[in-house]
Every structure is written in structure tokens, then in C-alpha cells.
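By written order: A, B and C. Residues from 1 in each chain.
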Amino acid sequence: MGENSRTDIKIYLGLLVLLIVLLLLPTRLSITWTRTFAMVFLFIYWASAWNIIGGMAGEINFLHPIFIGAGAYSSTVLYINFGVSPWVGMFLGAAIAVVLGLVIGWICYRSGLPHLSFALICLGFSHIGEIIALEWDLLGGSRGLVIRPAPGLANMQFETISTYYYMGLGMAVLMVGICHWISRNKLGYYLKAIKHNETASAAIGIDTVRYRLLALAVSAFFCALGGTFYAQLVLYIDPHSAVSITTVISMILFCAIGGFGTVLGPVVGTLILMPIGEVVRLYVMTGFHLIIYGVLVIVVILLSPHGLVPWFQSRMKKTQEESPA
Amino acid sequence: MLVSVQDITAGYGSVTVIKNISLEVDRGEWVAVIGGNGAGKSTLFRVISGLVRPRSGKIYFEGRELTALPPHEIVNKGIIQVPEGRMLFPKMNVIDNLLLGGRNRRARNNVNESLKKVYDLFPILEKRASQEAGTLSGGEQQMLATARGLMALPRVLLLDEPSLGLAPLMVREIFNSLQILNKEGMTILMVEQNVVVSLKNAERAYVLENGEIVMSGSSKDLINDDRTKQAYLGI
Amino acid sequence: MDITIIAQALIQGLMLGAIYGLIGLGITMVYAITGLLNFAHGDFMAIAMYLCLALFTHFNMDPYLSSLIAVPALFVLGLLVYHFLFRRVLKAELLMVVQLTLGMVFIIESSLLLTFTADYESVPNILHAVRFSLGPLSVSGSYLATFLVGGGAGAALYWVLQKTDLGRQIRAISQNKDAATLMGINTTRIQMIVFALAIALLGLSGSLTTSILTMEPYMGLELTLFAFIVFVMGGVGNFLGTLVAGYLLGIADAMGSLFIGGHLGAMVPYGLFVLLLLFRPQGILGAK
């Protein structure tokens, strides 16, 4: 136990240093890179939110394009058409995402669908979501929606890009904190049990449907809020970017590299993959970065199937066992 | 020696199931390995068939080493296992199951004769030929499993718990057929929980306990041994 | 609505359905004997179609002729991918396999994008302009060829699975892998061959449909989705069910675009799938 907490302290110290570096970084970064890092933080936030249902509960869940889309479109439509502040609109989006998640989840979990069928239904629903965004005039169809720049706190638009940077960083830290809290609490333990063996979990009295729904709702809620932040950062959304299956696949791959179901996995995976991807995208070729993601994921899975964080933890454990203090 | 198992240690993950097992089977012999649940009998057979790689030790067949061969090559040499729980192909009919048994390199040119022979030995199978294996009774399934093994033209037949889950009458019928085969020269290595049946039929036996061989000898000697009587026969 | 239009759509649906069944059968076979699910399945069909496009632009080669290159090329590609990647994750948990293949999705789709740009493409074949009529009904030659060759290949494969030694080996592995090994079946080899065969089928499907389906680099995931839907609808691991589900999906697809049209019409197959899973989760021919 003592060794364990010592490892933890080391990790938290490392995180603290990282956080301080990240807080000071914008003074040194170009606008492009500040913007890129705002996006990296958003993906840490999204991937962590996905990790609650995908990693902790072990589902192959592809519903998140719908959640992100619900957030992005709700706040944007309300803002453009009725002048409602995105700070308010984002909660409507989150509420829609939670309701959609609960309805779809309730239908699927109740009938005890096997993992694969569930994954396919999710993909199907996400595809339907994309089509709805394409077809519905209110949502701008394939042309998408443009948010006219009008900086101001009430509009969730900022003069300097570094404000987005700090907001993204704050969201990422908050999300990681929430994941940490969940993993140390009843919900986290139950999700782990469900992931390990759903039938056995039900047999010892865990209401598996209820806790999976709860996890899905939390995941949907935060993903949707991130969707609003995305819309305000880019000031333009369309079906291909805001209801994008590529986005959820990226989130899954980031978690995979870092380690599924671990609190720090999504952070590590995103922090490694996305900056590499951005360098490649900016200086080599757009599109090539996805190839790099793909290759890295395959390499990591073949070499360290459970991801980098569990690999690192087992390494640290080993070195501690070898050199008893 | 036809089969010679030398110093085999094997297990799964970090668990060791069998330790330093050595045993031998001569041509035409019927040898039994006796032991309770979890003694490591099935693991021993899985190692001989190549489904599990041993941690150490070697297995020889006619003086040639088997241990490095992939499982299908071991089958091609004529070492045929009738696995525990029968492991039939439940959604295929009896004929397809038998044909699969007879598809290894040594057996495939002899399929029609083999089919005739197993139908002679187990006439009920001919009646059930087009029925799905999963719908047969327990006894019929054991017959089919044995017949499927015979289709492979075994040079040594490995039987894993042939009496498991069968009514006494059915056990007697199966073992009568095995006696016929053995008289015709078939080499049999069998693992069994049923000590009485084993010692009545096999010429020699090894007693396996917690993954190690604790006793061995001719069936006659073992049946009269006080330790066997106490521990296994309950007399 | 005129009855001939419905009949026309029905025919068109059946013809596309032959291809959906064929793509799905590949997934079913691979799953049955390896337990692997390949999310990059459809992307291999995209590779085949772009191969036909390249052969057409550079050598003016008819896609039907290109199939003679595409099928063996994809078979070899399948062997390589299986040997270097899939073989290594046979015992890993499902989620790992999913990620591995999602990684492949990114690699293939982006490579196609960088090589061929995001433009929509299609390649005409020799039968494209030919129309066959029967009374009021008429069908394009390329659809008919797709149906005859694709449906024929599906039926032939089903026959192979049911009646030949190779088929018996495949079914044996799918029912009990250890027992199959004890029959002297080289399961490793069969698994590799079946995987490559499934990919080769995509070579055939791809070269047949270059004039029917519009090519774009990201088409693969949607094809995979269709293949998975067929796979689950047919009753996971059920060969005949997969073929039947393929035709059903083709008809749903054609009816959707006839009666509703546009993007909304394209939702009909998904709707059918969701409904089916809610009321019959084990699929059309699957056992409970």
C-alpha cells in the first residue's frame, strides 16, 4: 500500500509540473499552436468523457458524435436565431444529449444486446444523426452554420486565443478530476465489475442497466458541453465536423494508446498523439496525420496491448520491487 | 516403446498442473492413467496432442520426438485423441463428424473402409447417419466420438474419460467395443476417474495425484495393493 | 405509385443485395473461425475500387478485366495483413481488436485520400450503357452482371461451406476449434486462408460495383457498417442468414431511395436494422 501511494505521489507531482508548464506555455507559443493546444485540451476532455462509458464500463460506444453534435448545434442555433448566450444554450444541448443517450441506452441495455450489436446500433444512430444534420434546414444542412465573431464573455467568444487555451485547459483538468473521483467511488467500482463480468455483477445485486445508464448520461452531458466549446472555438460547424464518426474514433484511439479505463490514459494518449499529428498535418501533409495515428495505435497495441499508462505503472512497480528502499 | 513421455511439466499461465510426468505405452498395450478431478489427466493428454506446449520434458513416438510438432502433424502421425466431454461438432450430422475424423493424411484414402468398420462396431451410428450430433443421446455421442477417433486410423488411441456421464449399461457396451479393438491390436492410452472399470480393462495403470504420478504397475498388482484399495476403491 | 416502379426498385435492391450478402459473408466467415471483427473490412473494398480506378485511368482497363488483378491482389493483401497484424491479436479482448482495425481504417482512408483526393469517382464498364428489358421492366447491364456474378459467388461459397472438405473444416473450426485441431486440421492455415478469401471477395465486389457505387476515400466505414448489419441481421455466424440478410438490406436500401429519397431514404436500412434488433436480437436465422 505504502509503495502504491508513493507511486501516486510521484505521478501527481509530475502532473503538477506539467500543469504549471501548460499554464505558462501560451506566452511562448504562436497563435497557431495556442489554438492547436486548445483543441488538444478539448480532445483530452472528450476522450476522458468517452472513457467513462467506453473504458471504465468496457463498451464499444460510438454514440458520442450525437452528443457532441447536440451540444454544438443547440447552442449555435439558439445563439444565431434567438441571441441566447452559449453559456445557457450549452445546457440545453447537454440536456438533449443526456435524453438521447438515456433513450438509446435504455432500449439497448434492457434487451441485453451483445457488445457487437450494440456497437453497430451506436454507429447506425450516429450515422442517422449525421443525416439529420444534413437534412434539417434549421441546422444549416450541408452548408453548416457560421457564428459571426462578436467577442464578449456573454457570447463565449474571446479576443485572444489564449483565453480559449485556458478555458480548454480548465475543462480538461476538471474532466480528469471527475474521472478520478468516479474511479474512486461506487460508480467506478460498479463499472469495473460490469466490464469484468456483467452477468456476475447482476447476480451480486448491481443494477447493471442503471449504472451503465448513469455512466452514459455523465459521458453524454460533458461531451455535449465540449461540443459548444468546439463551436465557439471554430465559429463554424457542419455535419461532417460536428457529428463526426472520425472524432469518436480519434477519441477511442487516444484512450487506447494511453490505456482504457485508466484516468490518465486519455490524457497521455491525447498529449502524445495529437501534437505529433498536428506537426505532421502542418508541416508534412494534411491527412497524413491520421495515418500516423493509425500506425502508432497498431504499434502500441502489438507491443503493449493495454496501453502506455498500465505499461508504465507495471514498469514502476517492477523497479520498486527490485530496489527495496 | 511406442509412446514414451519423459519428465513432462506443464500448466497454464503461472499455474503448474502436471509435474515431471513420465510414462510409457508399448505396442498393442492398454494402459490407464487414473486420477480424480483436477489431477491433471486432461492436461497430460492436451500436451501429448500438442494443444498445450510443455514447459519442460519430451515426448517420443516410435523413438521420434513429438514435442516440437504442431497438433495437426501429431494427428497425421496417428496419435488420435478422443477428448473429454466428447467435443463433437454439434451442428453437423453424424456422417460429417465421421468424415472429419477420417481426413488426416494417413486416413483419407481409407475413408470408405473405415466407415464400414465403425458402423459394424457401432450399428446405431449408421441409423443416425444424417442426424445432427448435438441431438444424440449421451451414450450415442460417446460412440460417435470413439468412432470419429477410429476413422482417423489411430496407431495409438488416447481416450479421455470414456465413461464420463454414462449409465453403467452404456459403459459396459463402450468398453466391450474397446476390448474388441484392443484384441485386434489397437494400442490404447486412457485416462479415467472410474478406477474399477480402468483396472478391470487395462493391463497396466499409473495413478496420478495433484499432477504427479504416485503409483504405477500392472492392474492386477494395483487392484490388490492396500493403498489403492483404501484410497480409490473404498474397501 | 406504379407497380412497375416498385418492381423495378425490388429488382435493383436484389442486385445490390447480392453484393451486401457477399461482403457480409466475408465478415461472417472470419468471425466464425477466428472471432475477429474487422472494422476496416469495407476499406479493403474501397482499395479494390480505387485499384480499378487507377487501372482505368492509366491503362484504360475495363473494371471487369481489372477484377482478374484485384481479386488475387486483395487475396495476397489479406494474407499479409493477417500474418503481420491479425494473427497477433487472436487472443486479445474484443476492444483491442476493434482499436487495431480502427487504426487500419485511418491508415487506409487517409492513404486513399492522399493518393486519389476527395473527389467523387466512378468507373464505367463495358456493360454500363447496355440495358436489358423484360416487358415494362428494364435493368442496366452492370447491375445484372453484379447480381449474376456476385449472387453466383455467394451461392458458390455457400455450397463450398456446406459440401466440400474445406467447408467442413471451416465449419468444424467454428463449432469447436480444439476438436478441429484434434481432427488434424491445420487451423492456423485455414484461418489465414479464410481471412484472405474474405478480403479477395471484396476485390470481386469492388470491381463489380465501380459503376454503381460512388467512390470516395471515406466510403469504407459505411460499407463495413452495412457488412456488420448484414452479419448481425443474419444471426451472428450463420452463413445462410447472412446471404438472406444481404438481399433484405438491398431491398430496404432501394425502397428507401425510391419512396423517400435523398439522405433520409438512406436511413431506411439502419431503421430496419434497429427495429429488427429490438424485436429479434438473435437475427433472422439465428438461434436464441
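Criterion: a residue touches a chain if its C-beta (ideal position, glycine included) is under 8 Å from a C-beta of that chain, and two chains touch if they have at least 3 such contacts.
Computed from a prediction, not measured in an experiment: that's the story for all the values here.
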Overall pattern in which the protein chains touch one another (line/ring/star/complete/other): line
Two chains joined by the most C-beta pairs in contact, as defined above: A-C
Chain A and chain C: spacing of chain centres that average the CA atoms, whole Å: 32
Chain A-chain B separation of Cα centroids, rounded to whole Å: 55
Where chain B and chain C are represented by their mean Cα positions, the distance between them in whole Å: 43
Residues on chain C engaged by chain B in the complex (per definition of touch): 165, 168-169, 171-172, 175-176, 178-188
Complex interface listing, chain B residues touching chain C: 49-51, 70-72, 75-76, 80-81, 83, 87-92, 96, 99-101, 103-105, 148, 152
In the complex, chain C residues that touch chain A: 37, 85, 88-89, 92, 94-96, 98-100, 102-107, 109-111, 113-114, 221-222, 225, 228-229, 232, 236, 262-264, 266-267, 270-271, 273-274, 277-278, 281
For the chain A and chain C complex, residues of the former touching the latter: 58, 60, 107, 111-117, 119-121, 123-125, 127-128, 131, 134-135, 245, 249, 252-253, 256, 260, 285, 287-291, 293-298, 301-302, 305
